[in-house]
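In this document, chain identifiers A, B, C, D and E correspond to the written order of the chains, with residue numbering beginning at 1 in each.
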Amino acid sequence: ACSGGASPSTSGNASGGTAVKGGTVTVLQTTDFSYLDPARGFDGGVNAFYRLVYRTLITKAANDAADPNAMVPDLAEGLGQVSADGLTWTYKIKDGVKFDTGAPITAQDVKFGISRAWDPEIGIGAPYLRQLLATPATYQGPYQSGENPAIETPDDKTVVFKLKAPFPEFDAVLSMPSAVPFPVGTGAGTTFINDIVASGPYDLDTFTPGSTIKLKRNPNWDAATDTERKAYPDAWNFAIGIDGATIDERLIAGQGADVNAMAGSVQTATIARLQTPQLQDRVVKAPSTCLTYVGLNTSKKNLSDVRVRQAINLAVDKTSLLNATGGNQFATIASTIIPSNVSGHADYDLYPSTGNTGDIEKAKALLTEAGLPNGFTLTLDIRTRPVAQAQGEAIQQSLKRVGIDVKLNVIDAATYYETIATPSQQHDAAITGWCPDWASSASTFLPPLFDGRQITDKGNQNLAQLNDVTVNAEIDRIKALTDLAEANKAWGELDQKIMELAPVVPVNVENRIYLPGSNVAGLVAPQGDQDYAIIGLKDASKG
Amino acid sequence: MSISSTELEAAGAPDTGALVAAPDPRRSVWHVLLRDPSAIACLTYIGIVVLMALFAPLIVRVSGWGPYDFDQTAIDPNLGGIPLGPAGGISAEHWLGVEPQSGRDIFARIVYGARASMLIAVSATALTTVLGVVFGLLAGYFGGRTDMVISRLMEFLMAFPALIFMIAVLSALPADNRQYLLVLVISVFGWPYLARIVRAQTMSLKQREFVEAALASGASRTRLVFTEILPNLRSTILVMVTLAVPGYIGTEAGLSFLGVGVVPPTPSWGQMISSSVGWYSVVPSYFLVPGTFLALLVLSFMVLGDRVRSAVDPGGR
Amino acid sequence: MSLLRVNGLTVKFGDTTVVDGLGFELPKGGSLGIVGESGSGKSMTSLAVMDLLPKGARRTGSIVFDGIELRGLPERRMRTIRGDRIAMIFQDPLSSLNPYYTVGTQIAEAYRSHRSGVSRRAARRVAIEAMERVHIKEAGRRVDDYPHQFSGGMRQRVMIAMALSTEPELIIADEPTTALDVTVQAQILDLLAEVRRDTGAALIMITHDLAVVSEVADTVVVMRYGDVVETGTTEQIFSDPRHPYTQALLDAVPRIDDTIGDLRTLGGHP
Amino acid sequence: MTRYLVHRVLGMLFVLFMVCLFTYMVFFLLSPDPAVQICGKTCTPERIDQIRANLGLDDPFLAQFLHFLQGLFTGRDYGAVHCSAPCLGYSFQSSQVVTDMIVQRLPVTAVVAVGAAVLWLLAGVIGGLISAVREGRFADRFITALTLGGMSVPNYVLALALQYVFVVQLQWLPFPQAVPFADDPAQWFLNFILPWTVLAVGYASSYTRLTRANVIDTLSENFVRTARAKGLRPHLVWRRHALRPALTPIVTIAGMDFAGLLGGALITETVFGINGVGKLAADSITKNDQPVIMAVTLLAAFFVVVGNMAVDLLYSAIDPRVRAGATS
Amino acid sequence: MTGELLLSVRDLVKQFPVAGTAGLFTPAKLFTAVDGVSFDLHAGQTLALVGESGSGKSTTARLAARLLDVTSGSIQLDGQDVTTRKGKDLAGVRRTVQVVFQDPFSSLNPRHTVERIVTAPLLYQQRDIPGGSRDFTRSLLDRVGLNPDWLDRYPAQFSGGQAQRIGIARALAIGPRVLVCDEAVSALDVSVQAQIINLLRDLQAEEGFGCLFIAHDLAVVRQIATSVAVMTAGKIVEAGERDAVFGDPKHEYTRRLLAAVPRIRPEWEAARRAKAAAR
């Protein structure tokens, strides 16, 4: 149940005022963007940046749209035309869309840009295109293998995609960064590491890795062709490498040009300082689409017993975990797998307890039933990040109450995901999180985490190693549904079925708490992430 | 014809007893230290910390909260989990306040943290000292090829950017026995600094005639090194040790700050500081308490080192 | 008229008295020898005259130099006397010369600090002249050498040249030859005598070598445990010592031309 | 002299080679498969194999090490990317040639190091001199207490404290911002004041103590007594005769410390968000970007070794005794 | 000579490499510190080596005591060639030859008690200590004229002359037959010097060891030596009975050395003697 949190639409309040054209918005951030090349990067942070400089055939609706989860045409004139067998998708490109070079964006450019995803070194970004398109396994990207046979360009304006199997949500796949078009022949090797070819409203001005990225307007972007991007500011300045606490200090102080600054979510410690009315006015609280959960490795001795997993679900003190995460402003306790603002969410709680502090009696009973009245020892993998450690300690404390002795295994943040995604190195349990690639359905939420047939030796996302025939069958069934609403309802039901097997402990859904500068307008984040394309300054002459 | 001793006394011969006042080298350091108020203050503080570390479980029983016990009633879930009450939740129940987000008792964690911090610093110092003294002695005394090899090794180790390397290695290694790894890594990179000094001292001691005298007395080289030269390095080693301990306490804290220190939930002072830096403006006491304990400990060792140095070598430095 | 008169000079380190009510007198152009065994306070006496006592030392008593009472003289005025009117030569010439500067610089420095408006070049000429006066060959070239490039005897010559560059009225030599070989010692003593003949400077020679004193001094002060045990003309001290200590000391000196026999010691179990 | 030089250079090369070998070995053994990292979140075994072959990661250890060494002198190719000599490797995390990454950041680190070195040398030498000539008096005690404090406070604590006081509370200094010198020299300078100070405090403390000890030692040297006996003014005695010899060992250590800093001031750069080599190292460590960590380690070792040698040569230039010994 | 031949040294040469002269491919230049020195030492005899500083006296003494390896030449101890012995084989030499060093403080380990210092040769040579360590030390201290109760003291608690006596006690602990005294009295005051010289003379009379006495002070040498060898620049330029050398120096250098010695005017001396005798 969404016990602690308000419903998503009301909590996703926007920063007040309306944006005008002009000025420079500064974004303060701690870490550098992963890659400027959209074929490589696809994390939440860089996706928001890509939206300023790149366009794709389809894109997610603007954050201030009626349905911000929806998929809308961007370079394409409309959503995809699917063939009856569901294997061929056809798109028409709008007139007047150009690269920053002034060259029009053609079907060949779309094909070329997408084909880059097959290059073994470049195409390390979003995987869906590679998984879905009927491209031969030997294809090595445009630089090595030339044309991609799965994409056809009958004319300059038409792109046709051939799929291996039907995928009703193919439009969403084309909204991924790896679908960005590039002029044919560009971007080999490391070219786009330090440079870009812009198709969006902004173009790279200066770039100092690890330090600054400045964007200026792309004169060849025509607002008339773009319904989703407002592109209010004349320039963007991304200041990188600033300590998180310093960012918060600057935003709170709001000195000089910092009134035009914004940043990612504030630090936990900062929340207590945001209680003044002036600051409260600026705060934007945005529940994310990401679930923090504990994966219980069902292939391990004690955890293979569903009663033990249920007992753990009952015993965990989600309130102390919530506090360890940052308290109820910073997160919302989760009882389901699909977070509330991802389409398909259904409300239920199979393992309730008073105050969400855990039901020790029931848990003990289940453990006794499972033949473990004195508990057992469990190794929990955690990242070196402070939050993860705090969460691990909270789990350790709460499971101690039912006799389960939790050993914390700290793994370096850099190798954490790799380690737990390798079944041979994975321990009993792990704290991790999952965000859907698109929030318009749960198809990127449940299948990657619980499809038993996707368990691999390396890069395994099914941490629970759950391989349940009925779950697998249900996944196949829902994926084939072409009616999105129907599918979403089915995902919600599947969510509950999976939780009956208790392969994971849903912990909480983090909120993002943004504190934009007082002159920044248009910050709306219904799914947690910011949409730079609709942000601007209230007064362009300030700062 | 010689002058009688009475005449000598008449001429004002000093009583031979006056010479007895010359210090007994074994006791003088203690004597000097125990007469120095600042040294006593430092020793007292160090003593308290050591006692805290030794009797942590007993102390915690008295104070009522264990270092790992969560106390949800002491924190405010609405404000990011900051401690309830003024000054970081300092109260009769939680003597030094509580940790934000978990409500763990800071006093208990300080007491247990002293364990980890002291253990690491002291064992690293012990290990470095053994390595440094043995290698320094060998290089300094035998010279030639032995010196060449050891000096190259030291140069090699000192050329490493120790911090970068330590972090890289520690973060890549499994965290299971982090404490031992910390000690090992710190020592491996730390001993050359002591060895260099021991080597130089040995080289100059080697020139002293008593070494030649021992040789002429028929001492073997090993005995010579360990029974004639080593005792003369005592004051150097003593000073180095008192200066090494705060250094390693700092190193441990720094490594913990950078996220490669002791593994949770074990507290160490460095770990406590590192987790509190983000809160310094919101819950200052959370940051100040371990910070003060640490800075005072380091300061105490430094001052003590200083005093020891002037006690063993009243002439200069 | 006396050039230097010391009266009731006492030097204390805390509670220990190292020079105790010492007094002596030295006429212009005269030479005084201070003898006594190690630790008897000879060096402290000379440093007390120069106001160069180490930290922690306190002096009382009176020191009158050419009619000026040196005790209580402000440091600024003392500086004008030090090195200019009274110059000092120390025992160990290597450690007494700064290894980082050429000998020329160091000699010139002494000169320039007392003669205002002297150009570097002029001071250098003075340094070369001073070096020539102490018989350093090729002084013009060696003036740019560093102390370690000289032998022990040469270094002591440099020290003397430094002392002479300002033509002082009084030279205090604190064991100037102890670190040197007998042959070199003889040369240096000759040189000192020569210099005094030329400039008429008075000399205080501090040493524990009685034979050296007998060759150099007109008057001798014998010290023991910070006290003067006997003062007299050289002839009187050596031919007719009054105090038993002086007698014992003279007995203990091994002589190159004396009969062989038991050396007289100062007796007793040391 | 030539023999000495040749010996030194050979020794230096040997140490650098050992550092290379050891670092490479450690990271070779500890490192998780770089190919997996390159391959990203979603990856197939075939792609991993392909990347391994492309980057020469499937060669045995020795071959890889030789390639690395060779790259240092002749450059090498990583797939389609060329890395010209001296090639320090290819970052798998950011797909950049490491040499470029370092070249970009080294000037920043140099600015940090030079500024801090100037500060700490000035403060250390002046403080030490004052402390020494006023030994036991109030000024000495005060300075000694300061230095002990300066050495006891961890620099990250100091950094945060100074930032809180001077930037947040008093607003005397702006929040650090990456401004190129050419754009706004004043702002550029203000940005560096805190990092310089924080870095300098620790060093200045130990330099003060060192200078003090050395000056006290030289003050008791006979030649200082000689200088005083010449009637020199006290400031001349202290400056020329006491300080100069006392500085020789300090120059030696300063050279090494400065060289060490060129390898990056990890904590300070991280806390103040200065985009230098130290921050690069810290970032690479959190990203487990082995080639970059390795390159930074090597670079730092290189600076230390070269600095060491430079100091040795400098030493013979500033100490006439050594000078004569070396040239004869 | 009076007693049996103990030590016989022939054509001793010692060369040291000169620092900083080594070329890249050429070895360092060699400096010959001792250049063809020969002498014999008999029991009961005191052979003095004199000469200016740096003439190679100490080096000769160290070679003779086998503390340094020779470059060439031979050393015979008790008729046995010990020139090239090394390590354990040197035990015989250590048992026969003992050394008293110049600086009394530098030659005593400041961290050891008198007892430990004095019994060190026995300890190192793994010999039994006759009558137990404490009693043995007491008797030894008594022999060199020190208070036997001081055996638990440290060197810093003694004066120079006392410390030098401890050094002598140590050398005597194993009853050596050759005693090498390298400037054993140079660091001492005249009065103390006289005591030590007397002590050495007395001990030699009792025990009959041969003594190689190094000094640069000719006056001291004249008091103690039976024969004298004058060294300059690594060579012995003149050797012979004491009175022969002092009374009728043959070599130019010896004459220069003698002439340079400062003297108290003989007439003053005579006057003093006369007065003293009268008292």
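As a working rule, contacts are C-beta pairs under 8 Å (C-beta built on N, C-alpha and C of every residue); 3 or more make two chains touch, one makes a residue touch a chain.
From a predicted model like this one, the values you see are computed outputs, not experimental measurements.
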| item | value |
| --- | --- |
| Any chain in contact with chain A as well as chain D | B |
| For chain B and chain C, chains touching each | D, E |
| Chain nearest the overall C-alpha centroid of the shown protein atoms | D |
| Chain separated most widely from chain E, comparing mean CA positions | A |
| Centre-to-centre distance between chain C and chain A (centres being mean Cα positions), rounded to whole Å | 89 |
| Chain C and chain D, separation of their C-alpha mean positions in angstrom | 51 |
| Mean-CA-position distance for chain E and chain C (Å) | 32 |
| Intercentroid distance (Cα basis), chain B paired with chain A, Å | 48 |
| Chain A: positions in contact with at least two other chains | 245, 249, 412-415 |
| Contacts with two or more other chains, residues of chain D listed in rising order | 160, 168, 220, 285-286, 288 |
| Residue numbers of chain B (touch at least two other chains) | 1, 171-172, 259, 277, 280-281 |
| Chain D - residues contacting chain A, complex | 32, 36-43, 45-48, 50-51, 54, 79-81, 94-97, 101, 104-105, 160, 163, 167-168, 171, 174-178, 270-275, 279-280, 283, 285-289 |
| For the chain D and chain C complex, residues of the former touching the latter | 135, 220-223, 225-234, 236, 240-241, 244-245, 319-321, 324 |
| Chain A to chain B touching residues, read off their complex | 244-245, 249, 267-273, 275, 319-320, 322-330, 357, 382, 384, 386, 389-390, 392-394, 396-397, 408-415 |
| Parts of chain B lying in touch with chain A, wherever the complex brings them together | 68-70, 72, 75-82, 100-103, 171-172, 175-176, 178, 259-260, 263-265, 275, 277-283 |
| Of all residues in chain C, those that touch chain D in their complex | 50, 52, 54-55, 75, 79-84, 87-88, 90, 92, 95-101, 109-110, 113-114, 146, 148-149, 159, 162 |
